[in-house]
Each structure stands twice: as C-alpha cells, then as structure tokens.
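Everything on this sheet refers to the single structure shown next.
Residue numbering begins at 1 within each chain, and the chains themselves are lettered A, B, C and D in the order written.
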Amino acid sequence: MTVETSLQTAEKPLGRDELARLVARDIKPGSFVNLGIGQPTLVSNYLQPEQDITLHTENGMLGMGPEATGDQIDGDLINAGKIPVTELPGASYFHHADSFAMMRGGHLDICVLGAFQVSAAGDLANWHTGAPDAIPAVGGAMDLATGAKDVFVMMTLLTREGASKLVDTCTYPLTGVGCVTRVYTDMAVFLTGPNGVQVRETFGCTFEELQALVPVPLMPVAPEAAPAVEP
Amino acid sequence: MLNFMDTVEEAVAGIQDGSTVMIGGFGNAGQPFELIDALMDCGAKELTVVNNNAGQGDQGLALLIKEGRVRKMICSFPRQSDSWHFDAKYKAGEIELELVPQGNLAERIRAAGAGIGGFFTPTGYGTILAEGKETRIIDGRGQVFETPIHADVALIKALKADGKGNLVYRKTARNFGPIMAAAAKHTVVQVSEIVPVGGLDPENVVTPGIYVNSIVKVA
Amino acid sequence: MTVETSLQTAEKPLGRDELARLVARDIKPGSFVNLGIGQPTLVSNYLQPEQDITLHTENGMLGMGPEATGDQIDGDLINAGKIPVTELPGASYFHHADSFAMMRGGHLDICVLGAFQVSAAGDLANWHTGAPDAIPAVGGAMDLATGAKDVFVMMTLLTREGASKLVDTCTYPLTGVGCVTRVYTDMAVFLTGPNGVQVRETFGCTFEELQALVPVPLMPVAPEAAPAVEP
Amino acid sequence: MLNFMDTVEEAVAGIQDGSTVMIGGFGNAGQPFELIDALMDCGAKELTVVNNNAGQGDQGLALLIKEGRVRKMICSFPRQSDSWHFDAKYKAGEIELELVPQGNLAERIRAAGAGIGGFFTPTGYGTILAEGKETRIIDGRGQVFETPIHADVALIKALKADGKGNLVYRKTARNFGPIMAAAAKHTVVQVSEIVPVGGLDPENVVTPGIYVNSIVKVA
C-alpha cells in the first residue's frame, strides 16, 4: 500500500510529554474537556491560555485549574484523582448527579482516557484486567467513555511484551462499545470509527512498519482528516 | 421533622442492624468523619453501605469494614492503594460488592430521591456490569435499565445549616451530599456552622431543609 | 348502623373558611405542604405560626409566604396559580425538575387539592371534565396527587345538581389512582383507603342522613383515627 | 461555543423552519419576552414549541400561535382564561397538542440534558395521559415509561451571566431555565446584566456556561 502525502511522520517515537503536547494542540479552542487520571492529566500542562479550554472534573467542578501547591492546598478542592487542585475564575461547583448528567448528556466535547486496549471499532477496555482475583473498580470510566462527544485515548502502542494494544477485538472487559474516536500512541495517531482505522501520523516508523505491528487493517488518513496545524 | 443534636452519638442513634446507610464524600472531601466514627461506636451491624469508595487506610469506613459491620458495599471504586481492609474481606468472601459505574451510582441515588422507578442509560451497555440487566436500543444506542438506590439513613457533611435545615456546601465537598440527603428516609448532617433562619440566601441554598432530619455541629 | 361515640358532629354544614380552618388544624406541626390552586389556598389563612408549616409551590420554592400586596408585588415571585406571593425567612428556590422531584419523590407531607370526584378507593378526578370539546390542561395535578405522602381533598360533597362527588367509581377522567387519603367536605370529613370509607365528622347531618346521600358504603371512624384535637 | 450577541435578532437568527424550540418561563416569571418577539420577527415556522403553557393574551407565544407558526405545542397547561389564540387553533384542528403533566414535562426535559434514554414514573399511571404508553409495576406501584424531550434551541431568561456564560436566576423566575439550557442543542439566554469572568461566586452558579451558547443583554 502506498502512503499518501497527507500522512505525517516524525523521526522517532514520542515521549509521554510530547504526546500530551500533541493532544493538547488538537483540542479545539473553547472546548470543555475531561482529562482522565494518569497520563491524560499531563495534557493540562500543554493547554495554551488562548485555547480557552475549560476543564471538568467529575467530582463536581467546571473551571478546574492546575494542581495546588503549598498554601493553595485545600482538602475541599480536589480532582477525580483526589489530588488537590485550584479554581480558575469563572468556575462552578455542582453535585455528583449534576456533574455526571453533564458528562452523560453529551455536553463535554472531549474526554481523554488511558487504555489497556482499543479495538478497530473503537471499543475501549481500560478498567479491569479481567484477572480472576482482581478486585474490580470502575469509577467514572464508563460514563466518560459513553458520554463525551469525542473520546481520545492516550497509551503506548505496545505492551511491555510487545503486543499491540490496538486490537481486532478487546480481550479485556470492555469499558464502552464503539466510543473511541482517536488513539494517541507513542508510535502513531489513529482515527477509529465505522470506516475502519486510519493512521494520521507515525512517529519513528513507516506506515508499513506500523501495519506489521498492528493486527488490524490500517489506512492512511483521508486528506480531510489531516491535522490542520503543523506539529 | 428537623432536630438539632448536641452530639454525633445522638445524631446516629437511630441506625439499626441491617440498615442501608449512604455515606457522603469523595476522597476526604465531604466525608462526615465524625458521623462515621459515631456509627462505629453505636454498634449497628449487617449494614449495607453506599459510598463512592470502600474505605481508605485504618479509619472511618475502612474500620467499619474491618470490624465486620458491613455486609454489603454499593460503590464505584473499592480498590485503592490503601483499601486493605476491604480487599481482605472481599478476598475472604466476607463482604458483598455491588460495583456501579460512578455516574450510574449518582443517577440511581438521584432517582430514589426524585421518585423515579428506574431509567435507561447508555453507561455500561455491552460491558460485564450490564450482565443480567434489561437492555434496549433507544434512538440507535444500546441502553441499560438501572434502578433507584434508596437508603434508610444518609450521613453527610455540609458547610453551614440554617435553622430550617437548609444546607450549603464547600467546593468539591458538595459531591454526593445533596442527592443522598434526598434519597434517604432519614438524613443526618454534620456541619461546621449553624446560622439562624434567614442566614442563608434563598437563591444559594443547595439542599432545602425538607431533606434534612438531624443536624449536629462538629467543631 | 349505630354511630360510635368517636364520630364527631356539628350542627350545620361548614362554610369554605370553616373547612379551611379545619384542614389547617389537622396539619401536623413541622409539615411540608403544597396547597393547590383555588379553595385549598384558603388553608394558608388558618395555619398558625406555632405549627411551623413550610409551604411548597411547585414552580420552584419552599418557604412561600402570604400573597403579596402593594410594594411587595414582584413579577419574579409568584405561586403555582401565578399570583404574586412573598418569601419567608428560610426560603429556598430551585428549578422545575428539582421542585417536582421533591414532590414526586414523596418528600411533601401533605398536598391539599380540589376535586370533581373522589372514589371510595381514593381515586381522584380533578383535572378534566371529559367534555369532548374541552381543551385539556393538567398542570401539576397528577404529580401532586401521586407524589405527596397524604393527599387531602377539599370540595363540596354535592354538585349543584345534588349528586355526590364521593362516588363508587369516578366518571370523570382520573388524576391519580388510590391517592386520596382524606376528603374534607362541607357535610363530612371522610378517610379513604384500602379499608373503605370512614366518616370522621359530620356537619349538619347525621351519619344516616350522610349515608343516604353518598352512594358508597360508609363506616364511622375507627376510634384511633379520630382527630386528636377538639374542633 | 459561547457568543455574546448585540441584539436579540442575532441571537435567534439560527432558528429554522421545523425546529423544536423550548421557551422558558412560568407565567410571566422567567419568560424571555424579547427573544420570543425576535423569534416572531425571524419568520421561522412549522415550529414545535415546548413551554409550560400555550401563550397568554395577544403577545409573545400567543402571537406566534395566532400567526400559524407553531405546528405543535408540548405543554402541561394550555387552557387559560386568556389563551384564546391557542384555543381557536386547537378547536380548528390547526395545532397539535402533546399534553404532559408538569412534573413529567420537567423530568423529561431534565432527562434529555442528562442523557437518560427514558424513565418510569408513577405520575399519570391509570389516567388517559398514559394511554398507549408502556407501563409496569415497580415496587408495587404502577408506573409509566416517559421519554426525554430534546430541543434544537432553548430561549430562556436569566438574571446575570458572567463572561464564561455561567448564569444565575432570580426567585421563581428560575423555573425551566436550567433544565431547558441543558436539553437544547443551542441555548440562547437573555439577561439583565453581564458581569466579568469571576463576577459570580462559583458556589452559586445555577447554570454552568457549558450549557449556554448565545447571550444577549436586554435592557
């Protein structure tokens, strides 16, 4: 398969911060965004003031600011990861049912989540390893996966053992069905949806090398889906 | 009927063996620590507890679980780095767990307070948490039928109460308080401050006093 | 049938204000109450401060005060009948879904409604004459009938044509099924429920005279259901 | 995306023929009179309008109905002493009416904003308003299945907006505003005052700006 010119590449795989920077750049100005616990939280470090992004935390706040430090720390002001955060001007507080109604009602533009696996159809597995002795814990993952207009996943493409986390069918228990719209990995950015998996960018590998690693058919991105901004 | 209590012991005195108890809080924010301690001291057992988590460290809800007073947990996120008492009881088969996605937990609590008999939601559709539940396709989306969670007692924390039992909260400590107050037959609130009737702006009341039964000031 | 001693009587039928006074007296201290449009609104005139009754209006308020007059009139502060009212200390405002959740969730102790008909089983008909050319309008009637812990009806016992409004089966379209617990009329107070219709008091008629007017079997009140307070 | 508009005409410019339009207000309290007048002027027709009533007198919604611009009303209380324009259209068979108990109207609007696919409620069970609807017995009570009411546009009135679109209301004028703002794809708000970002206490915001698209100040 010939790689079309719209497919962008970088010389080497992206680190976690570079990936977070890339996700941050792709968020449209004025968006309302929920950043999941862990790697997705890094995205907040790269959001620019001129983007005017409003962060939601599902424990009851819009307009969440950066992590609190020193005297800013207030036990009554935490994020979904239970980390003390700050309040930006124009913030608002609400109870849990109102907060999840906001998420579940489709009002958040984007949520960014980590994942164990994403399927070609956009199924997400990120809450449970399925190990028989594991204590299950789901939190807001299923609501986030199902409720946001766009669900972006951030993950390494391969497990430590070298297996692709982008899979034909998830083997881990699902978080949501057909919900993921983009997958940001260290080696490539994938667009998932009813038309199959498109590759928007590769990092440190060619399209053909990428296809050899991933057990689902890949297509180069359709030109209209290419990023508007140069990386 | 609204009562102002002098002590947390009096405030929780009505909780009986076998009760379903909702406990507010998300992390430490909004957790009614003193009321949980009083629940520990009052001796009630065979409890069903509704909380987002299943206790942390060696205090509060974790201690209730350790002492075998909790028969069943209804929560969204029991597993934490310091949830060792729940973990041990769960692995020993000594506690029942109903795991509920956090948004379903909130909406089911809200439904109980609002008199809703049940609702369909896309959350959880196609996952193991929907197994055995009724599903249907609505407007092209798979949805799961979820039922209200009622409670005998809610233990919550607010910032201030007025003489009518109206409540305001503080920042993200608001979390589950307002919906649990409405979902329980009897709501017990610990507050930092009690102000006279007229001391809260009617526009800013978050929980109207109709949902509140017992108030105790905790220093 | 012999009338038991617990059945109270008065010499003549009650007027609207006397009936409102009786309803007001029967409301337990500390109750949260919704008074329907029309005759039930009169009850508020007879509530005593020491009863500490909180009035709910379904358009979004607890702690409603008396009708506004003169400079008190504020277009943003009205009751469910769209009449300007006042705010008492300790009031609170909320939106329509929260207000009806309060009612529908069983949190109001009593609602007082007018009626076209009440059946022996406590079915209520108060919203629609059923006339083929009538424009139907229901408002909050069905929510009030279904949601409050106790539903008290205030009405004249007889229509202008002399027919009993307490009936075996409602012929008007229903508002709610089995929801009415007490019926306050000019001629008697009835307790309705699964055990049939009990007569608590008669006004200006004997039990036997009352029974002759009402096409459902009546029982004198069981002693424990008699009013605690002398009228 | 939030926009501050200079005129009510701009604010309603996007409303198209066939749209479903929610209009806030209960009686005159909270009615966005100026936005309704602008909707009249913009010419959109074949509208489905969601409001508690069906217009009063010769102004606002009543005028829209008189001019034949409303194909269908979804409301709880169309019949009033001065609802003559609706009455005439209804009797002439020129307007469709979906009559909804007021609490079901509020809960169905809330459900749309909250992503609920439908819910069971005791309200209306056993009445002609439940005819043709799915019912079931839940916990011994007959209940009726009700579906969400979504809208293309909501026109509401608030007291103040800040630069982020956060809203506060005034007294019983709050009524349908917060739930309609969440249930519509596009929410237009007329306010008496616009304050800078930071000008509203985050604890007291009633409608977060996420639910608001266009704001216009009306003197």
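Heads up, the rule we're going with is that a residue touches a chain if its C-beta (ideal position, glycine included) is under 8 Å from a C-beta of that chain, and two chains touch if they have at least 3 such contacts.
On a predicted model such as this, the values are computed, not experimentally measured, just so you know.
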- Message: For the interfaces A-B and A-D, which has the higher count of C-beta pairs in contact?
- Response: A-B
- Item | Most distant chain from chain A, judged by the mean position of its C-alpha atoms | C
- Task: Calculate how many whole Å lie between the centre of chain A and the centre of chain B, each centre taken as the average of the chain's C-alpha atoms.
- Result: 30
- Chain centre separation in whole Å, for chain D relative to chain A (CA means): 35
- Item | chain A and chain C, separation of their C-alpha mean positions in angstrom | 56
- Task: For chain C, jot down the residues that touch at least 2 other chains.
- Result: 61, 87, 93-94, 101, 104, 147
- Message: For chain B, give me the residues that contact two or more of the other chains.
- Response: 107, 110, 114-116, 121-122, 169-171, 202-203
- Message: On the basis of the stated criterion, which chains touch which? Give every pair.
- Response: A-B, A-D, B-C, B-D, C-D
- Item | Of chain A, residues touching chain D in the complex | 30, 32, 54, 56, 61-63, 87, 89-94, 101-102, 104-108, 147
- Touching residues (chain side chain D, partner chain B) in the complex: 107, 111, 114-122, 136, 138-139, 141, 143, 147, 168-171, 201-204
- What residues of chain D sit close enough to touch chain C in their complex? 26-30, 76-80, 83, 86-87, 90-91, 97, 99-107, 109-110, 121-129, 142, 169-179, 206
- Task: Would you pull the chain A residues touching chain B in the complex into a rising list?
- Result: 57-61, 74-79, 82, 87, 93-97, 99-101, 103-104, 123, 128, 133-143, 146-147, 173-177
- Item | In the complex with chain C, residue positions of chain B that touch it | 1-2, 110, 112-116, 162-164, 166, 182, 197-198, 200, 202-203, 205, 208-211
